[in-house]
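Each structure below is given as structure tokens.
Presented sequentially are two complexes of subunit A, the first with subunit B as partner and the second with subunit C.
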Partner chain A sequence: MKREIVGKRAIRVDGHSKVLGKAEYPQDIQKQSMYHGKTLRSKKPHAYFKLNIDKAKNLKGVIAILTAKDVPYNHHGVLFKDHEIFCTNKVRRVGDPIAFVVAENEKIAKQAVEFIEIEYDEIPGVFDPIKAMEQSAPIVHKESNILYHYKIRKGNIENAFKQCEVIVENEYRTGMVDHAFLQPESGIAYMDENTVVVCASSQYPHFDQIEIAEALNIPTENVRVINPAIGGAFGGREDITLQIHIALATKLVGKPVKTTYSREESFLAHGKRHSMIMKYKTGANRQGKLVAMEANIIGDTGAYASWAPNVLRKAGVHATGPYEIPNVKVDSYAVYTNNPFAGAMRGFGAAQGPIAYEQQIDEIGRKLSIDPITIRKINGFKVGSETATGQILEASVPYIQCIESVGKALGLEQKEGIR
Partner chain B sequence: MKDINLKINGKSYRLSTNEDMRLIDVLRDELGLLGSKEGCGEGECGACTILMEGRTVNACMVMAFQTDEKEIITIEGLSNGEQLHPIQQAFIEIGAVQCGFCTPGMILSAKAILDKDTNPTREMIRQGISGNLCRCTGYAKIVDAIELAGKLLRNGGNNCEA
Partner chain C sequence: MKKKGVGIGSTFYGTGYGNGFPDVSRAKAVLKEDGKVAVHVGATEVGQGSKTIMSQMAAEVMSIPLNDIIFICEDTKNMPDSGTAAASRQTYNTGNAIKLACEDLRKKVIENAFKELKLNSSVGLTLKNGEIYLKTLPSKNISLKELALCLLKNKELPLIGEGSFTAQTIEMDEETGQGAPYWPYTFNVYGVIVEVDTETGLIDIIKAVCAQDVGKAINPEMIEGQMDGGFAMGLGYSIYEDLGLKEGKMKNKNFTNYLIPTALDVPELEKFIIEDPESTGPFGAKGIGEPVMLGVAPAVLNAIYDAVGVRITQVPVTPDRLLRALKEERRE
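Up next, the complex of A and B:
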């Protein structure tokens, strides 16, 4: 069969407009007589608050100030509706949206945000996910801070560890990471007769439509979401940010409303890669074959769930890495804290684990005087391998070839006398 | 308020500017030249890169009044109508464009490199784009594209097959 597409270089459809600087990102959309919006965000991680918007409202050029009172259904979230669109009386993290000023221009909107009086009554927060799991910890939402617990039980690790020649135990910690997509969030909303039109860069326009309609309490057919050019996303645009704010605003004032975040606000507004604490105990026999592994993985999802259960499930499923281990025990948890919230980011929970399991296998190799390439070849997945979750890998498992190529590229194959 | 005269993409403009206005505001808000992007507003990302007197500058870090009597080139000034500049051609040919938000600034940095030397080393290219962040591509294809653009310029056209 002649292949026309696969293996050929294609010119991307939007390449032309992008190299000409003509591609239209939300920042670039201008509308006649549009207003500008600016969000007031929490400066405290855990607090009750009282708001007084009178002074800000009277500023010349301010059109409206939206708060929780203006939202028909004040909840959103991809898995659980645990975000408020505007916090009612409690903030759970620095950056929580509290109010949205609509003004004649950006300068006035910014100024008005400064004029909103806010009185915080701070309450103890929790910032360490291990502490957050304790009974006595401050509770971020209702009941427990433990949002999700995923388990794998395979074989019998107690017996297996007894038979190991070497056992390596370590704790690994990774920090939160921001996507830092190059185009900060921006969007414009306007009315088209009865329809609210929202143009914003999103990874999830069909779901945005549902969440906007729910929040405004209008039918989904009266919400149109347009995704113009998007300046990167990497998971960071899966949770909604400004879409509902501008939709509410345009519906209220009847004119187009636009908002563009600064880089700083962008950092405050969207989720992060989960920071994880990973405790690993890995054992191997004298030949270097991995026999048992126990992993305890705690993911800090901050103040909101976003995709945390899926992310920590993935972290758990991939906890052995690409290695055959017959006896496995994995517990992974997603935990609420008052830190910035975490959600989707490239790899979706599979990116943190390698920092732990690859260092574990290196250390085992070192203890048994087996080089890093060989120890991986001994244990690596191949066709027919069984994963920790019991999946048999039936095709396309080129891990060993990959590792051999790495060995060659590093010049290790000859040096270490590996076949 | 200060009146300034400046030349952008070969065209002369006379504008009155506020003292807090930056060059990026003049380009985007006053003149509607929306190809220059703002990614950070503090000189970190290079999305707003333009050429001023032939040198790359961050348009978010230059105040409007500083551009009086200056000559500026933005992404809009590169192509000849729909006829792409060889650098633009090379960028789409190689696949150096993903989300595209860094692209206008990246292309102008590429122009500054190739204006000096159409046969730069990869190291010179890397140096030349070190002020431009790209979060999508990983840079390898951008360096490839600038190499190809140099070749096209040396051959005097933008036929990538040649």
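Up next, the complex of A and C:
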């Protein structure tokens, strides 16, 4: 069917304002007689603490200092409410928010944060997810550090591996990374009669609205979230950061309150991509057809759960790569440590696996003297293929077409030149 | 010594929240008194281009110019919940909701037009280029603008179309992991040629190729932009980005030492948009926001192996890590 607009190279509707610097980002918003906020964050990865705000409170120009006792419901989180808005007496990671200073200007707010006296009583932390899974490991929350386990059991891998011509085994590791979006977090909150208005960049304003209302213990309809222009997100703006802090502050002091993170604070405030340790065993027959695969994947979610179960589930579902494999065993785990917390980031658990499964298939091909394009064409998904979870790919499966396009552009098609 | 190598990275990605979790998008399309159409939707524009491609979808259904779509997605006060801008779900999920909302509005526009035109039926009436007319007698027509004015006079504005779309997702069995967790799946393949300096451990990307399955391209320019961005982010993941994490502390938390690729590190990317429409997608489209970065790291790693014959099993492949691996290989 002929389309008039769909399929056309239309110019970005928000492009002009962004190129000309006219788009309004949260940091651009100014309100008359607004106050500035600054967050005190933990410098220790695992510790109990005591706080003394007296000296900071008496600093000229300080309006208020918010701590755990100022929060009606001191919990938030996208899946489990395991984050405290301000830590009560224990920190679980470097960067955990402890207090929020509201002052006449940014300079005073910063100074007051330094005047807050904090006494840490450090306790042993755990930073290696494999160690965190052991019974004797320091516990980050309550009970076990293992927060989620996903399993695939398809076919019979023991029998299948016995029939393989080649088997490749390896362990792969990926580190935590930051979204590094252009615009560090910034936000301003103010009262509009009974309504708390929060302007801050978010990937999901309706969810922020719910979390702000819960923390402040006010009806959802009394919270309005305005999402100005957003300088990138990549998953890093799914977990709430400063929104509740400024909402609490404006409700308490009655005037607009604004805060803007530096790049360093941005790194401390939002989640990271899960680091993963991935043990793979992959087997194929003489023709290069994959027969069996076993994967053990451990994802480090750091101090908080955020989306970890969903991320490690996605990692497990995608563990085979885009290949038909009749016998599959996958175990993926999400584990708490005292590292920075991990959450949503572009790929959401499907970004780490390719580093393993794509090297595995190249190795299989190399051992059988089959080139990388051919080995992928032998095993790649096509219409009618069944995934490791038993799902039928019934339409729109142009994997082979993608492989052929790349192979051709690189001059690899039908050649056996590369290892 | 500088050594060249070629590598492939191929991936798939399942769209949406998954595993049976209700994945719902809602949209509202409103005819304004000037004949323009306002789309109210809770789909956040994070830079990925949702505002543009979703306006294109609305303009297509309403058959009006792109400029006549007013896209409202910034304020919880005046937009329905369309879920999060994540999981590469907005094009597919919210795109479908917008298409449904606009189709609903289009139907209502035609119903109202036949009354204004004093016809005895809406059969054969169509809406094209901002005009509602009878296909067999085009002189029987009224513009969207005129119709909006009539409705305003009769106090029948606003005219509202509504749409809601729920993706199909089925919870997996707890013991076997069997089920249909995501839909649709999107495919992505990268190929790269690298040059590895075996003395410094530095890696240069000489050439890069991306083939991206899109279902149907709503806006090819924006897809190409996503590919460029995805490649750069994937490259950072492969060889640069390192938080320097020790005992829970990040050493590298600003751009002085947390290195992300600059324009000089990124070669011209050869791009292939692969169209194979997804029947349940709006106009056949699928989401590509995440898929475009997934194949980069494995392609780079496989190319490094092709160049120097060493399997690097850990990212990022910093010069340090690469030189250590080369040294170990020589020792063996």
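Definition applied: the second predicted complex is superposed on the first by the 413 of 419 C-alpha atoms of A that agree within 3 Å, B and C clash if a C-alpha of one lies under 4 Å from a C-alpha of the other, contacts with A are read in each partner's own complex, and residues count from 1 in each chain.
Just so we're on the same page, a contact is a pair of C-beta atoms (placed from the backbone, for glycine too) under 8 Å apart; a residue touches a chain by one contact, two chains touch by 3 or more.
Because the structure is predicted, anything quoted here is derived from the model rather than measured.
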item	value
Contacts of A:Asp28 with subunit B and subunit C, given as first, second, both or neither	first
First (subunit B), second (subunit C), both or neither touched by A:Leu20	first
A:Glu104 touches, of subunit B and subunit C: first, second, both or neither?	neither
Which superposed partner A:Ala180 touches (first subunit B, second subunit C, both, neither)	both
Partner with the higher number of touched subunit A residues, subunit C or subunit B	C
Touching partner for A:Tyr204 - first (subunit B), second (subunit C), both, neither	second
Partner chain in contact with A:Gly347 - subunit B first, subunit C second, else both or neither	second
Contacts of A:Glu165 with subunit B and subunit C, given as first, second, both or neither	neither
Which of subunit B and subunit C A:Arg9 touches, first, second, both or neither	both
Touching partner for A:Phe234 - first (subunit B), second (subunit C), both, neither	both
Intersection of the subunit A residues that touch subunit B with those that touch subunit C	9, 11-12, 14-15, 180, 229-234, 263
Of subunit A, residues touching subunit C in the complex	3-15, 45-46, 93-94, 125, 127, 150-154, 170-178, 180, 201-207, 209, 223-235, 237-238, 263-264, 267-268, 272, 310, 313-314, 316-318, 321-322, 330, 337-340, 344, 346-348, 350-351, 354-355, 357-359, 362-363, 372-373, 376, 380-381, 387-391, 393, 395-399, 401-403, 405-407, 409-410, 412, 418-419
Contacting residues of subunit C [partner subunit A, same complex]	5-14, 17-19, 42, 44-47, 49, 51-52, 55-57, 59-60, 63, 66, 71, 73-77, 81, 83-87, 172, 174-182, 184-185, 187-191, 193, 207, 209-213, 215-222, 230, 233, 236-237, 241-243, 245, 247-250, 253-255, 258, 260, 270, 272, 274-279, 281, 283-284, 286, 289-290, 293-295, 297-299, 301-302, 305-306, 309, 311, 313-316
Of all residues in subunit B, those that touch subunit A in their complex	32, 34-42, 44-45, 47, 74-76, 79, 84, 88-89, 91-93, 95, 97-104, 107, 133-136
Residues on subunit A engaged by subunit B in the complex (per definition of touch)	9, 11-12, 14-25, 27-28, 30, 179-184, 229-234, 262-263
